[in-house]
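Below are structures written as structure tokens.
The same chain A turns up in both complexes below, where it pairs with chain B and then with chain C.
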Partner chain A sequence: MPFNQKPQKFNASINTVEIGCGDKAIKLGGESVFPFYTFDGPIDNAPKVGVEISDMGLEGATPEMLAYYGEGASFADMAKKAAAMEGADFVCLKLEGGDPNGEDKPIEDLLAVVKEVGEAIDTPLVVEGCKNVEKDSELLPKVAEALQGKNVLILSAREENYKAVGAAAGLAYSQKVGAESAVDINLAKQLNVVTTQLGVDAKSIVMNVGSAAVGYGYEYVVSTMDRIKGAALSQDDAMLQMPIITPVADEAWSVKEAMASEADMPEWGSQERRGVTMEIMTAAASLAAGSNAVLLKHPQSVKTIANMIKELV
Partner chain B sequence: MAKFITIGERIHCISPSINKAMATRDPEPILKRAKEQIAAGATYLDVNIGPAENDGEELMKWAVQLIQSECDNVPLALDTANKKAIEAGISVYNRSKGKPIVNSADAGGRIENIDLAAANDAIVIALCSAEGIAADNDERMMHCQNMLERGMMLGMEPTDLWFDPLFLVVKGMQDKQMQVLEAIKMFSDMGLNSTGGLSNNSNGMPKNIRPIMDSALVAMAMMNGFTSAIVNPCDLRLMETIKSCDIFLNNTLYADSYLDL
Partner chain C sequence: MALNGIQIFKMTPKKNCKECGCPTCMAFSMKVAQGAMDISACPHMSDDALASLSEATAPPMKTIKVGTGDAEYTLGGETVLFRHEKTFVSKTRYAVNVCTGMDDAMIDDVLEGAKKVDYERIGERMHVEMLNVNYHAESGADKYVATVKKAAELGKTLILGCKDVEVAKAALEVCKDAKPVLNGADASNYEAMSALATEAGVVLGVTGADINEIYDTVAALEKLGNKNLIIDAGVKSIKEAFATAVQVRRAAIKDEDRTFGYPSIVNVAALAPKDPYMQAALASLFTMKYGSIVIMSEMTYAEALPIYGLRQNVFTDPQKPMKVEPGIYPINGGDENSVCLTTVDFALTYYVVSGELERSGVPCNLCISDAGGLSVLTAWAAGKLSSGSISKFITEEVEPKIKSRKLVIPGKVAVLKGDLEAKLPGWEIIIAPREAVQLVKFLKDLTA
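And then the complex of A and B:
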């Protein structure tokens, strides 16, 4: 009997969210099919790859990353190099040095980095806070203000600070708002509900629904994303139709496969290759599960994942 | 499964203010009720213009265009015994939010409304009765089969016939209530959609009792696979019950603010 293909059609789609301005602006989402299901319908906006840089400069960078950016690179240089990386669609600046439990850099210092990076590149920009909810509630509204007119994505509004971050980024300064939950599907939806109740346009929200490195409870990430895409498309749930962005590098580079030195684990081979492998595997899994964008840091991962996307879409 | 669909029943010519608004083509009272019902969570709005024998076509066109243009093309159920008026309404209907519903056909004198729906790519509410209420479920299901076959012969999708078991009033027909629920289960087992005027069950009961009875019945009906109902969406208890049942049925994903959605 001949194979009779029946496309799975949905009368709903993921919202299209544009980040950046001008020719280099990117669009996340817009599809009415499951991830990479191009046999069911077109995917006009292929998933995007972002390259992470940090206000901590090249601290903790691998030898290959150091070689790529060059030692002593300024923030502006790093931003330009990240934007020029093969396979990069956008740049993500992490302000991890702001964490009160770490460097606790003052907000003015962080804003100086933000401005330097913002002026150096016209590539779409995502700015990630320091993850401390109190500090981020102060810092991120100022970042949104400093980058007015650049249509950046601010990561992230969380359950504890969505009012401060969401109102500043999404209402006062017309940026895009990242809504972050940690592998909790009900909270992912709830955060979108309350953020839109603030008055933020649903189409200005991108979700970060959490991540993990592959092998570290990753199946929870997959089931969360699966359920979200299912509700968005088959149940036409407007509160889950936001595109998904997933920070991959943080998780992938902080597990023992990426951290253990070659002196400790000679039989595991090159530490750098292990880290890259973890990053690529985690990114590929996130995209297959439904991420519309991933945040990576190693040039080889960026190139490999960009190629994978090109081959599949 | 898809979310339960509510059809708001409050634009009805039996209401004196709506009757007058329809007669004088006064938009305000009609739009007020339309917006109230949408805000309360109605998916579809029923537009009942009564028999409308004289100016039905013109009136239905006016009402459809008025409500859709002011309410973001909310989908509508066109409710009148005047077939030409339903066709006239469909001719100006905007389908972007959903097909029009023909309200309604039965297995007796109004069976031709199925033909009308088929010819116009509309949904039709199919009352499982012919002359008077069905005596039992054998009769209900016979009507259901007849109407389903007729629709399918005319090229309709089976899911575009929404079968109405006819809800019966508890006061006087208490012993028939389980039959109605069983009929819904049979529709559901056949993969068919269903709907009905749920609040019939509580006719004649005190005002404070009716929302309780209606809520309990909708929960039992949804458990049996009921897919839509013609309701007063301004009945908060009923709407909260429907939203909660949609959570248990996994028709919609839970979030703490689910009642606001």
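And then the complex of A and C:
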């Protein structure tokens, strides 16, 4: 008696959201099976890999990253190199220098970087704010305006500023809206509900449901994503069917395991390799839990994760 | 099919003798139905009833034990496909691969390397638990037995990756007492391999050309009476190994197909040879989705730190919070004169806070008191983090050891400041920001 395969077929599916324009445009989501369960049904749009660059240039970059981008690279150069990285599907520009608790760069300066990057590449673009809610409510609408017609994804609208960010990105300038919540299925759903009540099309929303580095409360990330995909597919919950994007690099590269120098931790070995492995393992786990896109920064991680996706889909 | 409590109750002696540890036969039956107790705990069941019940109430996935003593590990026994549905019970174990195709120096290197990673994280020892000893036919049986012997000296549980019955037999002679896994059965040799494994009293690993062949071979082995098995997801391709690992587990748990109710082995060393980065990605993937044993080429700290962290997270019981031991944790070389900060013993809080403190570069002492493993606000609401609990900990544990009299309390419990000042005379109570990410700037300003 052969094995009786019982595929889990769902009548619901994850929304398909397109980012970018022209030949290079990418589609996130669209599947009606669990992550990588190609034995249950087709996955037309494989998960995508985004490469992060920052308005802070190569500050804090590892030796291999410096070698890849070249010291003193302009933002346009960095964007081009990020887009050309082996395995890259899109580029993510982080405007972390805008943080009032950090560099507190003026919005005009940041917009200049946005425009430079936007003009340099035709690869799909994601722009991430500085994570300060007040500053982002001012900054991100202007980013959405500056990149009009490029169909970019704006990260992110949060509970505190979804009206300003969501309305500008999703309504006024027809970009895609990233809805960010903190590792909780109910918060994720609530934010989608209120954002769509503004008039933003549910199919223009991509969720960032929160992330962590593996080992740092990652079980909450796993269970949040498991439950969201479960509700989206098996209960046909339209307010949880948005594809998921997960910023991995930020978390992975800021934990002790990736930051401790070799001088401090001689037995741990190469710091660069530790950081890369932390990034790769966190990304692989996020994809296994249901991310439709991950944001990475190291060329080795981008290549490896893109390869893993290719092998699995 | 699973039976409910009432159906089981009908088959009990209904004597309420309490010998099973339950107050009544009804209570016992309910527990058996939930899978909390085994039917064999009742000494008065008739053999017939026992036989029919143990079949029907058997858990969907068998619990398989490998190794002995400190190196004994429990695999399988899962009841859910997603951790939030209940909890995962048997964590993934990692093995490092040696092959007799390697030269002797290389084999020594790999074995030496497998010892390197050994550390503790939140009360759990993290190290390579198993070694996979792969048989390379051209190098012959003698070298295999010699390598097995050498590997056995490490005291780790062995997996014998060997499909040759005679060679496996010779290898088992030197290591069977340590209960290795004999991973070598397939459609061509399962009868002989099963006899060998049964005689040696070890677990048998089964594989096949595809999932159907594996299924048929497992069914045939069960017919022979061998139910001490592990399923090897195969090494044909990453895609197939993943499909096999997931479908085997899902068939067992969701569809109650007991033929697939066994733990799994995934050999990522063979799926991505010579690519440590891809192996890292796959080790993570198969820790998430249903690898009971994952075999890798090497385990350096680069792989270990993230993979053991991931495993610790994924296999925590969602109903029991992860806790760190209460105590004083010096950070950035903090000493008795460094500022003290206090927070709860919830592991996630501890890790986020200690990470930010490390980033600040400021020497300090993180003082963790027992707060029931809850987050700051939850512990405060439950009365487990109060001015009383903090001041008691500070006077009993901190004051004798630390000279600094500056105490930083979480911003979310700023309300405790007044009470603490009253209860801790001589201490300056400082309120931290509400979010951990703001700690770096806060500490730098504080000590500027």
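Convention: the second predicted complex is superposed on the first by the 313 of 313 C-alpha atoms of A that agree within 3 Å, B and C clash if a C-alpha of one lies under 4 Å from a C-alpha of the other, contacts with A are read in each partner's own complex, and residues count from 1 in each chain.
Everything below uses one rule, namely that a residue touches a chain if its C-beta (ideal position, glycine included) is under 8 Å from a C-beta of that chain, and two chains touch if they have at least 3 such contacts.
This is a predicted model, so every value here is computed, not measured.
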Chain A as common anchor, with chain B and chain C clashing or fitting: fit
C-alpha centroid angle, chain C to chain B via chain A, nearest 10°: 80
First, second, both or neither for A:Asn186, with chain B first and chain C second: first
Which of chain B and chain C A:Lys94 touches, first, second, both or neither: neither
Chain B versus chain C as contact partner of A:Met239, first or second or both or neither: first
Which superposed partner A:Val194 touches (first chain B, second chain C, both, neither): first
Chain B versus chain C as contact partner of A:Arg227, first or second or both or neither: both
Chain touching more of chain A, residue-wise (chain B, chain C): C
Touched partner set for A:Gln5, first chain B, second chain C, both or neither: second
Touching partner for A:Lys150 - first (chain B), second (chain C), both, neither: neither
Which superposed partner A:Ser270 touches (first chain B, second chain C, both, neither): second
Lowest inter-chain C-alpha distance for chain C and chain B in the superposed arrangement, angstrom: 11
Touching both chain B and chain C, residues of chain A: 227
Residues of chain A that touch chain B when the two form their complex: 185-187, 189-190, 193-194, 197, 227, 231, 235, 237, 239-240
Of chain A, residues touching chain C in the complex: 1-6, 8, 36-39, 101, 213-220, 222-223, 226-227, 230, 254-257, 259, 267-270, 273-274, 276-278, 280-285, 287-289, 300-301, 303-305, 307-308, 311-312
Chain B residues touching chain A - in the complex, by the definition given at the top: 2-3, 251-257, 260-261
Interface residues, chain C side, partner chain A - complex: 82-84, 116, 121, 211-212, 214-216, 219, 237-239, 242-243, 246-247, 250-251, 254-255, 257, 259-260, 275, 277-278, 280-285, 287-289, 300-303, 305-310, 312-314, 316, 318, 347-348, 351-352, 355, 358-359, 438, 441
